[in-house]
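Supplied in structure tokens, the structure appears directly below.
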Amino acid sequence: MVLRLFSREETFFVLFNRAAENILQGGQMLQDFFDDYRDTDRRAEAIKAVEERGDEITHDVIDRLNRTFVTPFDRDDIYDLAKQLDNVLDWIEAAAARMVVYRIPRPTREAQEMAHVILHTCKAIVEAVGDLRALGRLDGPVREIHRLENLADRLQRDAVAALFADRNDPVDVIKWKDVYDTLEEATDQAEDVANVLESIRTKNL
Amino acid sequence: MVLRLFSREETFFVLFNRAAENILQGGQMLQDFFDDYRDTDRRAEAIKAVEERGDEITHDVIDRLNRTFVTPFDRDDIYDLAKQLDNVLDWIEAAAARMVVYRIPRPTREAQEMAHVILHTCKAIVEAVGDLRALGRLDGPVREIHRLENLADRLQRDAVAALFADRNDPVDVIKWKDVYDTLEEATDQAEDVANVLESIRTKNL
Amino acid sequence: MVLRLFSREETFFVLFNRAAENILQGGQMLQDFFDDYRDTDRRAEAIKAVEERGDEITHDVIDRLNRTFVTPFDRDDIYDLAKQLDNVLDWIEAAAARMVVYRIPRPTREAQEMAHVILHTCKAIVEAVGDLRALGRLDGPVREIHRLENLADRLQRDAVAALFADRNDPVDVIKWKDVYDTLEEATDQAEDVANVLESIRTKNL
């Protein structure tokens, strides 16, 4: 038991947990970004730094994978999980970046709500990845990630409906539609993390 | 022979056929939605209900997969096929939903044509999935799905060209471009079903 | 050694190299299209012809896969690589097609720069695919593809920022945003080629 803590298998779990915690930090920073919309350039940069740390963790996983002969589950599943965790942060970062690129003066309530849903999704990812060694318990967080993706989808539809109903300036419509799509995509990517985990479980009963 | 009808393998084929038939129903309802554009809120809701039934079928496949030790082909292929069939209906549902969200007063001829192509694609999916036990016959429906995706792609380009040539109101351009993209994405997702099936065949000669 | 040149394994490497060289030709034609923006209808058609040749190569790979029992690496990896190479050309072709469909009178400097980055990416793909038999050397071109994708991402953000800052006509904003997104997607698809190659390597140490 004690030995196992230092095994090579262990390292992958440690790295995946690090990736998940890093996503959670990005999700927290995104919520703060939308809730307290000041000093946006600097704070979008800070989220970018978290995203780049995510790239490094992904690189560490792949590097280790290429130097390890016995892995806790299929090599390509380890690869896919690392890449898919990476994608979530890419879209979290993109959402903040678009607000800055478009010089949007203030967030909408709908965007704030979507950022809250994303943070909850990140928490469910931490929980799901923490259950990697007990795949039987995966159901709870996976179901939660699906539920939150459905919620984000509904929020996005309502937000877009309001955007068009309010007869905004067309250029503002383009900007906001893109921001809402990007926020929703972050939860879609989280759902793909859940899918990779579910797929891993089907092979590791 | 008779025994085989009750085997566990059989169940996956039954479930995949159910998923395909459900997609076909969604495709038929989408064509009707565009051809007879009345009572759109209620009818988009009805397509949503079909999409949710699709979610349940997908869930049944995964649930069964987690309780079955001998499967007719690789476990992750079963998982991928179930998920990819699900995606087709997601985009069919999204197309109807966008028409409602954008409060579009009437469909264009181009959108109607694309909905017809989607229905044909759904029929080819039913045929392809029905051939799962005879993968040698897969070529016909797979080629048909690719042909229809190319056709949808051309229809979309023509539709978008017309949209811009007609110097429409910019907000209407945004709405219609999104509807056309969504309709085309439904056929892209169907092409990915064909890809999963082709990939399964490469491993099951 | 000499015998190996005629082995079945060889054929897949020959076909993948042909696919990569074909992508490179498409990338060269796209750069020329943007740099010397004349006779655009005919030249977009010529890029379409290259894309269709790519479809045929993909089809040849899959056809051969279905008639070959011993393959140099996993059957589904061969399938995925063929499909993913195909996707790169689809987006290269789409970028030229959009310029024509939108009747854009002249390219921007930013679009030209992105086309240059795409051509460099195509060169890195040729190199990476050429290293398929020596996966240890894959690192260089894979790193280059990631670097170029990051560069394209930054160019796109700057281009979109300029597009909105210049207070253009909303319809022109829609058109150009779509062209920039399409150019960037071509480098995203190239990154997915790199990912498939990396994933193959993890299984073939």
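Going by the order they are written in, the chains are A, B and C; count residues from 1 in each one.
Throughout what follows, a residue touches a chain if its C-beta (ideal position, glycine included) is under 8 Å from a C-beta of that chain, and two chains touch if they have at least 3 such contacts.
Computed from a prediction, not measured in an experiment: that's the story for all the values here.
Colleague: Under the over-half criterion for shared residue numbers, do copies chain A and chain C use the same patch or different patches to meet?
Modeller: Counting shared over all numbers used gives less than one half: different.
Colleague: When the Cα trace of chain A is superposed on that of chain B, what is the rotation angle, expressed as a multiple of 5 degrees?
Modeller: The C-alpha superposition of chain A onto chain B needs 120 degrees.
Colleague: Taking the mean of the CA coordinates per chain, how far is chain A from chain C in Å?
Modeller: Once rounded, the distance between the two centres reads 27 Å.
Colleague: Chain C: which residues touch two or more other chains?
Modeller: Those would be 170, 174.
Colleague: Under the touch definition given earlier, write down the residues of chain A that touch chain B in their complex.
Modeller: Chain A reaches chain B through residues 157, 160-161, 164-165, 167, 170, 173-174, 177, 195, 198-199, 201-203, 205.
Colleague: Once bound in the complex, which stretches of chain A touch chain C?
Modeller: Per the stated touch rule, the residues are 62, 65-66, 69, 75-76, 78-80, 83, 97, 101-103, 170-171, 174-175, 178.
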